[in-house]
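Per-chain numbering from 1; labels A, B, C, D, E and F assigned in written order.
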Amino acid sequence: MHHIRIITPCATPHLRSAEGLRALERDGMRITHAYINAGPASIESEFDAAYCLPGTIRSALEAQSDGADAVIIDCMGDPALNACRERLDILVLGPAETSMHVAAMLGLRFSIVTVVDSVVAMLNNLASVYGLSHKLASVRSINVPVLSIHEDPAALHEALLDQCKRAITEDGAHSIVLGCTGFFGCAEALSSALARSNLPVPVVDPIPTTVYVADALLSSRLRCSRRTYPLPRVKPIVGFD
Amino acid sequence: MHHIRIITPCATPHLRSAEGLRALERDGMRITHAYINAGPASIESEFDAAYCLPGTIRSALEAQSDGADAVIIDCMGDPALNACRERLDILVLGPAETSMHVAAMLGLRFSIVTVVDSVVAMLNNLASVYGLSHKLASVRSINVPVLSIHEDPAALHEALLDQCKRAITEDGAHSIVLGCTGFFGCAEALSSALARSNLPVPVVDPIPTTVYVADALLSSRLRCSRRTYPLPRVKPIVGFD
Amino acid sequence: MHHIRIITPCATPHLRSAEGLRALERDGMRITHAYINAGPASIESEFDAAYCLPGTIRSALEAQSDGADAVIIDCMGDPALNACRERLDILVLGPAETSMHVAAMLGLRFSIVTVVDSVVAMLNNLASVYGLSHKLASVRSINVPVLSIHEDPAALHEALLDQCKRAITEDGAHSIVLGCTGFFGCAEALSSALARSNLPVPVVDPIPTTVYVADALLSSRLRCSRRTYPLPRVKPIVGFD
Amino acid sequence: MHHIRIITPCATPHLRSAEGLRALERDGMRITHAYINAGPASIESEFDAAYCLPGTIRSALEAQSDGADAVIIDCMGDPALNACRERLDILVLGPAETSMHVAAMLGLRFSIVTVVDSVVAMLNNLASVYGLSHKLASVRSINVPVLSIHEDPAALHEALLDQCKRAITEDGAHSIVLGCTGFFGCAEALSSALARSNLPVPVVDPIPTTVYVADALLSSRLRCSRRTYPLPRVKPIVGFD
Amino acid sequence: MHHIRIITPCATPHLRSAEGLRALERDGMRITHAYINAGPASIESEFDAAYCLPGTIRSALEAQSDGADAVIIDCMGDPALNACRERLDILVLGPAETSMHVAAMLGLRFSIVTVVDSVVAMLNNLASVYGLSHKLASVRSINVPVLSIHEDPAALHEALLDQCKRAITEDGAHSIVLGCTGFFGCAEALSSALARSNLPVPVVDPIPTTVYVADALLSSRLRCSRRTYPLPRVKPIVGFD
Amino acid sequence: MHHIRIITPCATPHLRSAEGLRALERDGMRITHAYINAGPASIESEFDAAYCLPGTIRSALEAQSDGADAVIIDCMGDPALNACRERLDILVLGPAETSMHVAAMLGLRFSIVTVVDSVVAMLNNLASVYGLSHKLASVRSINVPVLSIHEDPAALHEALLDQCKRAITEDGAHSIVLGCTGFFGCAEALSSALARSNLPVPVVDPIPTTVYVADALLSSRLRCSRRTYPLPRVKPIVGFD
């Protein structure tokens, strides 16, 4: 039984539906969820992300204590990903890294369609770090703040569909990554609508994909490299316990 | 229930142990296996690979007819991968592409340790096509032909371990991909031996990893992009049926 | 006297005019031509290409037996190129590799204008393997199947010209590679028409260019590297003789 | 008068000599210094860095309130760099980004010589984000913890010199970046020693170089792009004020 | 006191206003200026640039004899840059190299807006040499010859503004480099106009920026690497003294 | 009849044997040769190269007046290459660009073995401009000045052979480019000696290869792109006629 803990690196309790996550469970895999208790309401910038790191590491350590086999950080900025990989012994995955690699496997080039322009540079930088900038066709945004994306589901679908179409026809994307984990659940309708528009490309929904890839890596008995992520030396940290 | 068909693109019936593959099964996933009926005894060059393509496509079409949900081609040259993706409607994965992307997720840079020098250029070329050449530290070989690798398991382990160590200390590898699917089952002992040598890096065993990633993509309802791999026009092919 | 054998990797005898090829001969260079006897009617996908490999290698071996000094594979997918380089002792060139390198020498960036969308990913992948993706501005297609391109020469010219112009003005191409060897003979009219439109860029016609570059490499006494393309080990190949 | 505030993103008051910094002042430029009041004792990992971000942003905001014209973050991990650029209106520079660009201007390729292996991946990742990985010859470390580097100055010099020489002769470096701001003051002796060893390469001391480049950009009236670093939306951040 | 000599590599005495340059002086830095006595009237091609090299080297040697601490070559083709770095002991900077590195530090990607199409390839080539082609969004030109740019300042501003806007909105530029040192003084009005158009990006004015970066490198006691730019062997040069 | 003019961009009349060049002639191709009348004795730096540009352009214009169909510049720095392409209507090739593209076609990666360390950066920069830095394994030198290379042919052969072997075994080169046109005639013995050492790689001799590629491009009716190399505007050039 693989136990996967998803950590939403925000202090906004209604942001993530635990039922939605549990619907991803299957035989042999259990999903639990946690918020962090100190941090931003949502993450739409590197500034926001800066405040979620200590809380995310603390929550990841609790997941490890709770016996989790893997931790997934529920944000497309992959905040605290490398810090957690250093500090924990269990597998830690980020949805941006995982989704970009999956999208790269599915087609010639991929685009990311995200929430707001303020994360465009951050997502480009992540693609560079992950070695995938040559596979990245573009990063596009719908310009809707994270906390507003569920206000009008039909409008959200239309806005995402429009940017997906532009990514394909103008930027040459052959697959799409949804650029915010708040878009959870939107991929299938988008993929169908794109196919109906004669633009048949896969749309990667980062949270389900990262959950199932985490399960795959656990089954493969793979952890991140201690050569890249050595265990940090113990040292005092003022103001954090 | 996901049905994954592994196709060994060789006409050498004893090459792959079906029991070894079935040991990878878990709840919700069934693995079947096939050889091709016309093709090379083993694949150690682009010349060898050239003769497995028609047989592999035919076998993949049979897998689709048999109700398989995914096909995995059991060779690190990923022969016929793109042709099958074009011709089939189900998911098709290659162990080279999948393992390289997984290794890239696990550490800063990866090396591939393979059988013979004659596939070094081919593996470098695949890394270029997959967009991962910047993450590839090196390709190294143990210079043992595919059909001889099981003659002396201890010698095989030593030869692989030696090249893994060189990849890490001389080439800067932070993770390792085994560069031949014939090395199936060798990863765990290598990884442990490396850790004992104070070189703690993950070793990706391509077949298990590709099986579990295939399962993950099926759970994520993802297929390859028809934009990259359009269904081929029907046309006569002389000499093949 | 250099003897260059051009192999059309299709089983469609009327596809290539032997007279057209012989018109390329000059003092010191003789051109012969062969079809393969088993394979696809035309190549418009990696699926089609998969069926031409055994026949192309066989034909290339016959060329070597016939005393040819070089073999050119008459398809912009460069099918069987590396396999032939491994198996043969004589020079083997592909029109895609050769044309892309020549186009890269002639201007800042080049575009490829090809037949159908289904080869766009394949041509992009070849540019990656050849190390030229940074010089590739775009791959564009006219969406006319290979076997129809000679039905209406004026329409073909217009379609190619339109895509060349777009490649130059929209994608920044400074030189053009014709992306199908079936376009043989179209380059000069295109280049003239582009110059009249104040878009003076060279248009590389792959077959003549590859023939003359082959002649140049023969005069330079150069063959491909056995370090990259070692002679394959002899082994049984079931179903092929 | 340009006022440059250097923020040491650690809560270890003796780490940085204010006199050493003031020695960098010249006509028209004043340097002030601050520590953060909550954070790690030193930064030798992404884990350590995670705890300095909130404190660094707070300190940078205080610098802006104090009338500083530019902020420099005193750590080669460039922690909080992009977050501060988003949140502040004044110029913010990181010594890693600045030093790498300067080193790239001074020679064909540069190496970074740093404190400990645990920051090697981080520095490689920064080079990727800054677009300079093709100019980076290697990252090497002397394996001395940050808080111990001043214990034996002669041993430190020897260790740095040894790695600089290896970077030049084995990795092909033509210039060197000191990979820890704790090496402040070591560059000139290294550069002289290298010249005496017939290895005449510049050694970039990150803090002085970043101070003077900051002054240069202020004189040039340049700030970072709001297109890359938009001002963050105001939102609640639980646990931070 | 740093003495910076700016050499305009043209034989057109009215091209550069010495007063404009002196306005860049500040405490501790003195600027002098020279033309070359043999060379082109202006530089708008590699052909033009070819004739300025001997005169520029001679002028740079005179600058060194005059006690200058740094030489800046007043042309965005960076002509004679590497030759001067080899031959001189003092710092030599080019505005193209310096401005591109500064622009890369200020935003995700930069565009260059230059005078005429005939320097587009040259500027792209320089970005490749400087290792910055991945940060270069585009090179655009206003198609006004160098010697005409001051004929109608308002028209110049409009033409530059139009290309800056296109670079940002069509090519994804987050910062701008003015691609001709003849645009000296135009940056601030452009940057303000762009901000008013809701396109807030920095505009790098190459001459001031290079002057202040030269001053910064002098304060940092940095010179170019003798490993990259060894002192040339003395040998006869026919026709030049 | 193709008339190819080779211009040695030096003012050292004994440097190039006209008989050696004429031995490259074959049916349909005539080779003529010229020195420049003002310039350096040999080219071993960017400083030296700076003095050959005006003379090389003048000599190239004379070649065009003399009815030459192509000009080849006899130096691996490719000096004046782009300037000549702008100014002339006929084909102009450089041996560095041509040889690097040919070497890239012949194997996975190539190394350049050149005369002196002072041209290492220049050759690396050319590979970047030609888009081939990903195919370049290394640049090595034998540290013998150009004007001394013919003093001891056996020692030259040994020195070149030693660096070729190191390039192959230490740097991973699969083909070799001789990095000085003064090595004309050395390739065949090197290639044979390498084969005898079980290192069978092609060695590109730049002058013959560039001559025959020029002939091939002429037969293909290809010229360089006027989009990349527009005809320069006529303007006064002080001190040159």
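Convention: a contact is a pair of C-beta atoms (placed from the backbone, for glycine too) under 8 Å apart; a residue touches a chain by one contact, two chains touch by 3 or more.
Values in this document were obtained by computation on a predicted structure and should not be read as measured data.
Counting only chains that touch, the fewest steps needed to get from chain C to chain D is 2.
For E-F, the equivalent interface within A-D, A-C or C-E is the one where over half of the contact pairs agree by residue number, namely A-D. In terms of C-beta pairs in contact, the better-connected of the chain pairs C-E and A-D is A-D. A straight line joining the Cα centres of chain B and chain D is 43 Å long. Inter-chain centre distance (chain B to chain E, centres taken as mean C-alpha positions): 51 Å.
Look at where the CA atoms of chain D average out and do the same for chain E: the two points lie 27 Å apart. Taken residue by residue, chain B touches two or more other chains at 107-108, 121, 125, 131, 134, 174, 228-229, whereas all remaining positions touch fewer.
Each chain pair that touches appears in this list: A-B, A-C, A-D, A-E, B-C, B-D, B-F, C-E, C-F, D-E, D-F, E-F.
Taken in their complex, chain C has these residues touching chain B: 11, 37-42, 44-51, 53-55, 57, 80, 82-83, 86-87, 117-118, 121-122, 125, 128-129, 131, 145, 228-230, 232-233, 235-240. On chain D, the positions that touch chain B within their shared complex are 120-121, 124-125, 133.
Listed in rising order, the residues of chain E touching chain A in the complex are 107-108, 134, 174.
Listed in rising order, the residues of chain A touching chain B in the complex are 24, 26-28, 93, 97-98, 101-102, 104-108, 130-132, 134-135, 168, 174-175, 188, 199-202, 204-205, 208-209, 212-213, 215-217, 219-229.
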